[in-house]
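Multiple structures are listed underneath, in structure tokens.
Shared between the two complexes below is subunit A, which pairs with subunit B and subunit C, respectively.
The block that comes next holds the complex of A and B.
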């Protein structure tokens, strides 16, 4: 029943998309200045219908309707209700439906919120966006249909992978999707702007908040994913430069470059084509990321849905998008006249873009290079953290310095002020870094440089903020985001330098000592839960300097549906440090392998990212107010 | 005066950087090796028999006085390049290591050319 309902709604959505394209096209030919009502109505109906369609699928998951293959494969009656619901988008087919929803709703909202832009531009944006919607609807209907039914109807489902049964992972996909599917709307707008020759700087007003919205959600999505990886995957890190992680980072670089260069475009009416390229690139990278992840072409920790036929469809779609983009760019490209002075804000924003493109190129290359070596030389290579750290970190030092200086430079002018104050800030940063390394003992030159440049960025942002506050022209959004980015790098740097990691094989009752800590393996219990059994260890961590005790209880879980073994880390967080402990059994022995980690300032890494995003939302808010 | 103070601090500081002799930390090597029987895990994270064996091999190699780089090339000779997370700088990986810098330099020149064109 639900299967038929879902399929019919999807089919209706296709018809609606086609009619919107038809009406928009008709409307383009009429001389009337307004967009006809019927287009608004159809867009609204389309958005509502696709939501109904999604709720239908959610309903199927809630009532465990195993006549749908999708529900059968990804759910189970014994699962908690939250994970039944989140199971809807925790799989390939369901997540594509989420794609379609965001494409559709953004399409409608863009239509409604851009009244004061030319009619032709708005209609063309709508048409392009609906072509994208159609592309995904066809993909859903004919290749990855979440409403496909199965006969005979099974009595019980196969269950959801237990490591996906987690609150952070329940909200991770929607956040990330608003980010990178949201970028579709400025892809469409860029194409429309090229076709309709809408190249004045008022174009930037139509897209800038959309870029910021997608950027904020993308950042949050990446953050939640990292937090999940930190506590769920049990290795104590939060970023592994894994292909799937990289796929989410690539559009992020492009978005960051985009909303910075939009500032210049809006103000000085230059870089139009560069802005367009970035708009196109962001969504293309998003789709490419999806292709890499879903086609199974890359080996990753997170590969959860891979199938060559999907890859082929997305690849054709992707090629078409790239082809159209490049064709239009070549056709419409005109030389622009730049008038940029050396020490102007324009130059520094260009420098931001320059570094973003460098990071983007590095990460993109590292992600896809193994595919080429495998195909050409039949030689499988791994490109992992050491590669990215070697290439990115030294350059990040320079980037942070530019980031600190850039915002203080004025528009157009060719004069460098405040050299003195920077010298003081730099000396201050060196001193603080010296104190940190002297008292806490660390030796790597590179991490020292990173810490110095992060401190430099933080202090110059804050001093900047105070100055602006005195002049009553405080730009909260930028100060908060830039300073928080400095803090983020600082905390990651300190965390990396001062982490402690110890690995022991230990028996019940044994105690291990190292530095000023001792770990005692106290008890071991077997516990039964509704959908899994767990072996829970209890270990006491004693800090012999302060005599403070902490009890950590890592688990080994045995899930029933599907039968899986997972290792749950036990984490004690505080403002200064996290204790992180995992435990695993060793075959044919009484010993357990435990891995203890002390991770300083972990919470502050998350807080910094949240603050960066708050800066982004503040900017959207101030933009909305000034419009 | 300030400058002298600064200089003294700097000398102390650089001593603290260079004086300490570095020991090889086996765990940092484990983190750069892939567990071949697991899905996307490092040797350090994994408890598989394979990972246990590799950990022993790494320990032996360190005891023999091998450097970090020597250990990586030993591993990739024996198990293939797939095992090391840091691709070696050789003929077919040269583009991987060099291209990012080419992008960087090219970008720099491009920006420089834009700025110089001012009236």
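The block that comes next holds the complex of A and C.
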């Protein structure tokens, strides 16, 4: 029953999309200055219907309607209700439905919120967006239908992979998708602007909040994913330069470049084509990321059910998008006169864009390089974290310095008046850095440089803030985001330098000693839970300097549906450091394999990212106010 | 006046191209230094010129009854059903590492039959297998 309902609604959505395109096209031809009511109504109905469709699928998951293949493959009656619901978008088919929803709702909201822009531009945006919606609806209907039914109806589902049964991973996809798919609306707007020759700087007003919204959610999505990887995957790290992670980072770089160059475009009416290129690139990178992840072409440690036929569809869709974008760009390209002074805010924002493009190129090359070598030389290779670290970290030092100086630079023509302050800040950062390294006894030129430049960025942002506050022109959003980015780099740097990691094979009752710590394997218990059994170890970590004890209890879990073994890390967080312990059993032996890690300032890394995002949201609010 | 402007633009353009070329050069250099080649035990046996100083990845099945656990290290044999490779590893093994399961080890070859790993990757769950391994298994079934 639910299967029929879902399919009919999907079909209705296709018809609605087609009629919106038809009516919008009709409306384009009429001389009337307003968009006809029927388009608004159809868009609203379309958004509501796709939501109903999604709720139908959620309902199927909640009541465990195993007549749907999708529910049968990804759910189980014994699963907690939260994970039944999150299971809806935890799989390929359901997550595509989420794509379609965000596409549709953004389409409607963009239509409603841009009254003061030319009619032609708005209608064309709507048409392009609906073509995208159609593309995904067809994909859902014919290739990845979440409402496909199965006969005979099974009694029990296969269950959701236990490592995906997690609160962070329940909210991770929706957050990330608002970022990924949210970028579709300024893709459509950019195409519409090219076609309708709407190239004045008021174009930037129509998209800037959408860019910020998608950027904020993308950042949050990446953050939640990292936190999940940190406590669930048991390696104690939060970023592995894995293809799946890179796929989420690529559009992020493009978005970051985009909303910075939008400032210049809005203010000085230059960089129009560059802005358009970035708009197009962001969504193309998002779809490309989806292609890389879903087609299984890349070797990733993250689990994704992959299927070549999906890859083919997304690839053709992607090629079409790239082709249309490039064609339009060439057709409409006009030489722009960039008369900008080398020492001006324009230049500094351009520099930010260069860095973003450099990082994007680095990560993109590293991610797709293995595909090429495999295809051309038949060598199977993988590009590991050392590549990204050697390329990105040294460049980041220069980037941070520019990021600190840039915002103080004036428009059009600047003179450096505050050189004194900068030297003062630099000396201050140097001193703090040497204090840190002196007292904590660690030495590496690169990490020192990173810490110095991060401190430089933080202090100059804060001094900026104080100055602006005195002049009563405080730009909260920028100060918070820039300073927090400095803090983020600083904490990551310190965390990396002062982490301790020890691996042991240990038997019950044994004690291991290293530096000023001792680890005692005290007890081992078997516990039964509703959908899994767990072997819980109890290990005592003693700091022999301070005589402080911490009990950590890592688990080995045996899940029934599907039959899976997982290792749960035990983490003791505090403001200064995290203790992190994982335990695994090895076949046919009394030894337990443990990994102990001391990770300083972990919490602050998360907090910094949250603060950066808060800066983004603040900017949206101030934008909304000034409009 | 005009010439001066043209000159200025030309130098700027030149500087830009140089910087981008330099950037691409560094990226490629970095790539070249940091890629990890994937080899099967048979590749290692048959290959003449092996660079013993470079990190590589080797993969195959953990051989039955080959796993030995000691206090400091874990030893096992990787097989692709034609040739074998002895692996020594000290560290934490990942989820689902066990005998007769697929595994990928990252580290350096000591000689053609002995490998010291500093990282072990295994299957992530029942459905997932590293694509490299999948190909390997396919080829051997033929």
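Criterion: the second predicted complex is superposed on the first by the 625 of 627 C-alpha atoms of A that agree within 3 Å, B and C clash if a C-alpha of one lies under 4 Å from a C-alpha of the other, contacts with A are read in each partner's own complex, and residues count from 1 in each chain.
Here is the rule we use: a residue touches a chain if its C-beta (ideal position, glycine included) is under 8 Å from a C-beta of that chain, and two chains touch if they have at least 3 such contacts.
Given the structure is predicted, the values throughout are model-derived calculations rather than measurements.
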Fit or clash - subunit C, subunit B, common subunit A: clash
Touching partner for A:8 - first (subunit B), second (subunit C), both, neither: neither
Which of subunit B and subunit C A:350 touches, first, second, both or neither: first
Which partner, subunit B or subunit C, touches more subunit A residues: B
Touched partner set for A:445, first subunit B, second subunit C, both or neither: first
Which superposed partner A:366 touches (first subunit B, second subunit C, both, neither): both
Subunit B versus subunit C as contact partner of A:391, first or second or both or neither: both
Subunit B versus subunit C as contact partner of A:382, first or second or both or neither: both
Partner chain(s) touched by A:431 [first = subunit B, second = subunit C, both, neither]: first
Touching partner for A:544 - first (subunit B), second (subunit C), both, neither: neither
Touching partner for A:525 - first (subunit B), second (subunit C), both, neither: neither
Touching both subunit B and subunit C, residues of subunit A: 234, 299, 301-303, 358, 361-362, 365-366, 369, 373, 379-384, 386-387, 390-391, 503, 584, 586-587, 593
Subunit A-facing residues of subunit C, complex: 23-24, 26-28, 30-31, 33-38, 57, 67, 69-72, 74, 90-99, 106, 121, 124-128, 130-132, 135
Contact set on subunit B toward subunit A in their complex: 6, 9-10, 12-13, 16-17, 20, 22, 27, 31-32, 34, 39-42, 44-45, 47, 49, 80-87, 92-93, 95-97, 99-101, 103-104, 107-108, 110-111, 114-115, 117-119
Residue numbers on subunit A that touch subunit C, as the complex places them: 161, 163, 234, 296, 299, 301-303, 305, 358, 361-362, 365-366, 369-370, 373, 379-384, 386-387, 390-391, 503, 505, 562-567, 582, 584, 586-589, 591, 593-595
Residue numbers on subunit A that touch subunit B, as the complex places them: 233-235, 240, 242, 299-303, 338-342, 347, 350-351, 354, 357-358, 361-362, 365-366, 369, 373, 376-377, 379-387, 390-391, 395, 427, 430-431, 434, 437-438, 441, 443, 445, 448, 501, 503, 584, 586-587, 593
